[in-house]
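By written order: A, B, C, D, E, F, G, H, I, J, K and L. Residues from 1 in each chain.
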């Protein structure tokens, strides 16, 4: 295995349902434009409240991906 | 939109089931006495273990709400 | 209640399903070898991605347990 | 001087103009309901952007005040 | 045991004598107005110096208490 | 409102005048190439000194923006 | 002096009396099973409150000890 | 350019007016006794409140300066 | 000197040899696609172990570069 | 009151007895060479262990003092 | 691949030569007693100075290893 | 051994070669003016980049030294 370099990008995934789904939504969206996604790390869990109920979960994520020769 | 001030209060929501439910329980309880709840942020996820099983999830939350003129 | 001392050990629980299940898997495994488990605290939520999907959730946990006289 | 206890409350002051004004707005609002305000500490500087311009500065503040005998 | 919610309030206890006494002074004062105090956590240890001697120890504390049905 | 994903990019805005202007300069520059800018958060305030005077204020900013379908 | 490796273990010492005694209780307990204890570092000071009084001080400690050839 | 060493000193600048002015006051005072000041970094923004108004802004600063051969 | 804006990107450089080489590998790779690289800051040093030996050093880096008029 | 500048210096006070005494020893020593000491803040509590007993408590302190016109 | 649990242990590797060698010494020593070592993370770089020269580099490491069925 | 007080000063050592050499350069320079240097701790690793290559490694160091009776 050669000596790769990785890039780390930061996103916020959101969901009406919960923390896991917000993570999945963010990763799914990121994988539409970024290739070779390798790992993620949760940096923050927040949310919006409306009328005393949670309207959106917002999960901050750092997402790492391997840089290709051509990137 | 005028220049509002917000207050941030810290609570710990608990649940037998998991992290999402502990967040929801805490927000539901806070909304009984605080109006205009606007956002939350998770500060800590802990729990109690009994006989090798998780008895309670305990999720620390900062909850922000808008101050009314009369608060 | 006398003056106990506790030890804190750090583990990483993993799951294909989500954060709550990764916590439970870690605690279940720890309880096979450690007695008197008392509390846990989440230190980190990460995961591995393969082909644009989350392959593993990895949840870092500090787990505290009471030391017996004989430990 | 006797041995006072202080309470610390967390607020978010906002302003269209800038950081200093957001701090002042928050302190002014807090002083309407809290007595004996003694010090503040900035915990966070954020803001909302609309159409490429800053709409609101939002400054998180911890505000300390001395508890009276009767509080 | 049902699923309680806890509130966390932040205070600063002070003492001429030392750290332990400043913690005790803060907890004693808090217990005059808050019920069901359950735990504390030290966030900061500071102090004032006058003429080369410590005039006051100031200990920041987060104090957690269980919310009653009626709170 | 559907479940958007946001990206967070990190910039450093600079100014000869002060902190607020450095924030505004950074946001203005970012808005030339990024659409749907939504919020910012200050991560660091630094500066360069020359001949005992502040030559540049440098303000680190995280800037969040909503990803379009086509980004 | 040769190039030793040290291990760091985390414990929580407790005491009814105060912070210093909780540290001493934890170190005394650790020294029953670990040899060559070399240093400690306080990571956290917490406590339990009952009826408005401190029931237990709980002091988190990292404790370092030198590994023998045979450990 | 040769391999310089820098020293970092910590100061607190104060002002009645605001954050920028407190930074400038601190740097101006530091430059009276320290040569080759090179950069600063804000570590903390606090202030004193009197009668519900901000009496002093207090800005913590790390200030770096190049050591001369003769320092 | 005019008022530039900088962007900060996060990468992970890797090396079989050590920390310095992992930093250099990451910077070299970044400079293939980014112009005007100006500074870096190490955020994390990790590594993979295989058969009791270090297989890869992985060094997290924030890399800052000046935005051109045309970026 | 005019606009003073303060300097913050970092020391480590030590004691055979405990945390409070280590703080006092450090402040007493600092006051021999620094004038106008104004406040301190504890940054770290560590200690050395010998033969399973605490030999020294070591308390890291930031100490602030007002700069005179002539300093 | 099934759902493994990992344990994280903390060590301090030392060396007369430098940071990389201190990491290698710590990992080599840990691999004598722990199996399935998987990754490390540097938590701290310190050292001892004698007569104005570095006598020892001391590198804090968290080391993760996979728990076997029989551990 | 009596109860010494230590002072901690912060420096930045630099090198064209790498991290270890930057640490050594900083310690060597500090030992020209400070006696009884006892330990160091790395606080930050940064560097300057020119034309896509690392021009300087800059390593932040806290350096502790024992205060003599006469200091």
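Following the convention adopted for this analysis, a contact is a pair of C-beta atoms (placed from the backbone, for glycine too) under 8 Å apart; a residue touches a chain by one contact, two chains touch by 3 or more.
No experiment lies behind these values; they were computed from the predicted model shown.
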Between the options G-J, J-L or E-G, which interface matches F-I on more than half of its contact pairs by residue number? J-L
Mind checking the centre-to-centre distance between chain B and chain J? Centres are C-alpha means, answer in whole Å. 38
Centroid spacing, where centroids are CA-atom means, of chain A and chain I in whole angstrom: 21
Contacts with two or more other chains occur in chain I at residues 9-10, 19-20
Can you name every chain pair that touches? A-B, A-C, A-F, A-I, B-C, B-D, B-E, C-G, C-K, D-E, D-F, D-H, E-G, E-J, F-H, F-I, G-J, G-K, H-J, H-L, I-K, I-L, J-L, K-L
Touching residues of chain C toward chain K in the complex: what are they? 9-16, 25-26, 29-30, 33, 56, 60
Chain F residues within the chain D interface of the complex: 19-20, 23-24, 27-28, 31, 37-42, 63
Touching residues on chain F, where the partner in the complex is chain A: 1, 3-10, 62, 64, 67, 71
Residues of chain G touching chain E in the complex: 17-20, 44-49, 52-54, 57
